[in-house]
Amino acid sequence: MEDKNNIALSVRDLKTFFYTNNRCNKAVNGVSFDVEKGKTLCIVGESGCGKSVTAATIMQLLPTLSRIEEGEIKFQKDDKIINIEKLEKNGKEMREIRGSDIAMIFQDPMTALNPVYTVGFQISENLKYHTNLSKKEIREKCISLLNDMGIPLPEKRVDEYPHSYSGGMRQRAMIAMAMACNPKILIADEPTTALDVTIQAQIFELMDKLKKENDTAIILITHDMGVVAELADNVAVMYMGNIVEAGTADDVLRRPTHPYTKALLESVPVLGRGKNQDINPIKGSTPDPYNRPIGCQFAPRCNWQTESCDVMPEITQINETHQVRCHKYEQFFEKYK
Amino acid sequence: MKKEILKLRGVKVHFPVQAGVFNRVVGHVLAVDGVDLDIFRGEVLGLAGESGCGKTTLGKAILRLVEPTDGEVKYISQDDDETELTSLEKKDMDPFRKKLQIVFQDPHSSLNPSFTIFGSLQDPLKKFGIKSKEERRKIIGDLLEAVNMRREYMDRYPHEFSGGQRQRIGIVRALCLEPELIVCDEAVSALDVSIQAQVLKLLMQLKKEKNLTYLFITHDLSVTEYLCDRIAVMYLGRIVELCDSEDLYNNTLHPYSEALISAIPVADLDKQTKRIVLEGDVPSPVNPPKGCPFHPRCPKATDICKTEVPTLKKYSTNGNEHYASCHLIDLPEIS
Amino acid sequence: MAKSSLDKKFDQIRKREEEKTFSTKKRSRIVNKFLNNRLAVLGLIIFTIIILASIFAPLLSPYDPMRVDLRSMRQPPSFDHWFGTDSTGRDVFTRVLFGGRVSIFIGLGSAILSAVVGIAVGCYAGYKGGWIDVIALRISEIFMSFPQIILVLLLVSITGQSLFNLMAIFILTGWGGMYRLARARMLSLREEEYVQALRSFGLSTFTICYKHMLPNALSPIMVNITLSTAMFILTEAGLSFLGLGVPLNIPTWGNILNVAQDILILQNYWWMWGPVGIVISVFVLCVNFIGDGLRDSTDPSQQG
Amino acid sequence: MLLVISFLVYSGLELSPGDAVSHMISPELASTITAEQLDAMREAYGLNQSFLTRYWIWLTSMVQGDMGYSMAGGVAISEIMVKTVPATLELSMVALFFSTILGCSLGVISALKRGSGTDNSLTVAGMAGVSIPEFFFGLVAILLFAIELKWLPVGGRLLPHYETLWDRIPNIVLPSLVLALMMTAGAMRYARSSMLDVLAREFITTARSKGMPEWRVNILHGFRVALTPVVVLIGFRLPLLIGGSTIIEQVYQWPGIGSMFIRSVRASDYPLVMTISLMYVFVVLTASLIIDVLTALIDPRVRLGKE
């Protein structure tokens, strides 16, 4: 595979289960992927597929009634490899990684900022805990961060409360907060779902710029294949707790090898293809997480289902970068090549 | 020959903004600020725009779920009788409520959690004269089958259904009085993509079978392009562009539509274009900018845009009628 | 590292899940949750016992709660008189049972009636808004700016003491809270899309409001009824303790306690006021447990 | 608001038995006055005028501090007020102070240790606190601490030989503690649920994702936000505090306005009853005004006048 030094974060066979209502939900059930430095990895999937849980697991921000069952999360910090899953949840080491090495932005900037503190205060908290800057330097850094994020009048805006910011500006402030300590990895959990498309375009532009300038690796979680096509270097498609297909954007979007990926791509109308384009819905609906199909999770909705699908398929490496989790991928791939 | 089913003339919806100790009205949210629009029988008209542009309010104003502040909404029956809806008394509105229905966005709040499906749906039928219970059960059962669900589902409670199924039940509710026009208010936006496609297909199929007209409100231009015959793009309470759906993509006239189209991420590596990134945010509809409401964000704005409000003018592209409100279009205007 | 108790619980659930042996009883989630709340179940049991005991008081006790028996004055608890006897020789246990009838009747009755008034006004006002809402809101504000016990005392002083007056006063002072609750629920339900859908059919306000919306507002209302039952029982006890509630000749829990104002009785004859105080506390505690259990089990935001 | 209520109270006063004149002159004088003189006085006070005019006269004199006379003692009501109000204020302020601090901190602890033994026992204790009638609790406390153990005096305030502040402290301990205890239980429950509510919000996760230590997440981000609804709710419970103090004052023979109120109700001393209730309303309304100001100070959203 790739040169090891290029990998910022490596996740192997990760399992995270939820234990609410006295039931066990295998939200993330054996997920492996690598995040390369300075590249964007898009994790794409529908609601409930476990993509957000994966992100929360990397940050150890899981709720009380859940835990990491198995697997490894290896994070490379200054030539040392740290196993994140072994760290104490809110312990000192974990806290040192959070915010300074791995930072996160959330879906809804309306609720993700504390309403009773100024934006400047919330950004400076990060700097206060992870750097040795003086008060004055912190304030200057805050203003320059806001400025970098394209917020007008940062000297004034720094002392304002989140509710006087618009949605797009709040997300910019969130990004400023996340980028304050130059993290190696930025996890963005559906950062634009709550925003309008024109604002979404602004945020994407900003994230692209940050990636290029700071060599930050980005894990972008989204449900929108369009976003993947625009931003991703690498893609992982998730369905019901598993990665069903992964590879470079080129691999996955041009040569989808898993029936689910293919179906996802065909089920959304694409702007510019006109009125006569054909869209093919996926039959059925997402299964109940407490009553999962045996074997391949997608089998009941798949047109290619056979008896062999009662066993969970292994990950197959198609070429250097492209992997798929399907028994029938060869026939499938042949047909749609 | 195309016949109108609804004619909107100068429709305005203003919400008062109250503040201070005595709840004095300090201003108005100009949610819909003068919309002229014709909806033709049998067409799918898309109403697109970003949040806060007034598209949902306009949809509700047609059904008088929100009372319009000003303007006319005329309903034209199949026999060409015109009725002005906004001036009708509440009870005189009833016959027209049968003709106009709405499908909502959120599948979670669109059904009453304490009633079975039948329980929720039977009251409107009762009101419109279907007295026997058997008949009501038959109507609802037939419609459930029409949306690919089982007849028995009518005795279940909403929490037993998935989001997509609830949305279908929402469609059943809208269909149960055999309406002529359905307002689909972001009807597929809250659904997962795989389910979204199912509902879109279903809507198209029902339209053919039942001769429906749709006003399809959405923020997703790729869905409108696929589904609609014509598209109206709204910005800050006004229509800025109205044309055939293919023309909107191929012959865009308004700079806002252009930016909107370019901003939509496209799941096709071959169709990637340079996005036009607009500056700033959508201005507040309480205090819209003077002149063209889009001028502070418009990359092409000139001096005239700052002072004069453009009107919706008729042009022709590709042989079709094409309306747009911008000072900077250099096509000849058609009267 | 030693496994925490949480981890052990997780292991159990996981094992059960993998063996597919989890319970699949088809009971409503709300009932389940309520039954899982041990305090609420305990509350419900004791609540039922006390109510049944009060209803069947004549069967449980051979004594007449009113009959004065001067031969057996101020006797400590014995086999004959479980809670002893009071200064006029009446059996305290019997009086507690009969007192329960009146006290619970006042508490529950006032709570339910004030809920009916509050809901009837609140639903309509909340859904419809307009001048009815404004007037009702103002009136409830007037009632709520009095400390409740002061208002009750004030009204008692005007109308005089009687069981009926007291209940009327409780309803008068209690409907405001219920009204506000119902109104607030209605205001939020009004925005739900199913309500809008009903409006788009032009259904009458009455049908939409009382038939379709009210059932969805009931669970917080139920909780509030239990809580105000508790409060009314306490207020009645307080008033009667002061000698200003129910006329002294009717036994209620508060009236029985009234004797404890005398420091001699307080010091020397504990059985005359101790047991009844405990019964009140336990009963109100049970009602509160039930209310809390109801709240937790009907609140969708809480999981566990 | 106060005007409307004062009008209602005045109507009640009018409806109550007894002539208004007898309320307005001291009883000593009344005994020497003949019927004719009374009529003349009615004329002089304008009592033959319309109801509204009389209300206006009553209201203006009220505002000027002339509250009329008590029927029972023949003492000026303003004089009674001066004597009793400080006692009640002293008692309720001490109780409010302790209950707020204790209630908030216990509630927060209970929320942070949600589901633990501490949480469960605190919850049950809190529930018991709101369920036990305060007078019963007060009686038990008297029996235990004053009569059996003889640690503290039964009650009373400003007994003759008390001179320094220290002398007075033992007397206030029992009543204020009993009063504070029931308030604490309420405050604790509010603080707990408000804190739980805030801890589930997304900005708490944001704060954790920045690597903040737990105490900072909980106190700075959690408690600070949870405080606003708690302050509002404690404000709403002020009437309850006043109601509670009425009974507790009675139990402990505390010479405050509450026991005065009860005495006047028993004696059907209507002028006094009405005036005191009006004063309570005034206190409650003032308190809610103070709460509004306080929330504005705590919460920047309210301060700027928008949500």
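Order as written gives the chain letters A, B, C and D; numbering starts at 1 within each chain.
The definition used in the following text is that a residue touches a chain if its C-beta (ideal position, glycine included) is under 8 Å from a C-beta of that chain, and two chains touch if they have at least 3 such contacts.
Please read all numbers here as calculations on a predicted model, not as lab measurements.
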item: Shortest chain-hopping distance from subunit B out to subunit C; value: 1
item: Nearest-to-centre chain - CA centroid comparison; value: C
item: Pair joined by more contacting C-beta pairs (A-C or A-B); value: A-B
item: Interchain centroid distance [CA atoms averaged], subunit A/subunit C, Å; value: 50
item: Subunit A-subunit B separation of Cα centroids, rounded to whole Å; value: 33
item: Euclidean distance of C-alpha centroids - subunit C vs subunit D, Å; value: 23
item: Whole-Å gap separating subunit A and subunit D, where each centre is the average of the chain's CA atoms; value: 54
item: Per-residue multi-chain contacts in subunit C, two or more chains; value: 304
item: Residues of subunit C touching subunit A in the complex; value: 6-7, 9-10, 13-14, 16-18, 22, 303-304
item: Residues of subunit A defined as touching subunit B within the complex; value: 46-47, 166-169, 196-202, 204-205, 223-231, 249-250, 253-254, 263-265, 267-275, 277, 279-283, 285-286
item: Sites on subunit D touched by subunit A in the complex; value: 201-203, 205-214, 216, 221, 224-225, 298-301, 304, 306-307
item: Contacting residues of subunit A [partner subunit D, same complex]; value: 59, 61, 90, 94-100, 103-104, 106, 108, 111-117, 125-126, 129-130, 161, 163-164, 174, 177
item: Subunit C contact footprint on subunit D (complex, rising order); value: 1, 4-5, 8, 12, 15-16, 115, 124, 127-128, 130-136, 139-140, 142-143, 147, 154, 200, 238-240, 242-243, 246-247, 250, 261-262, 265-266, 268, 270, 273-274, 276-277, 280-281, 284-285, 288
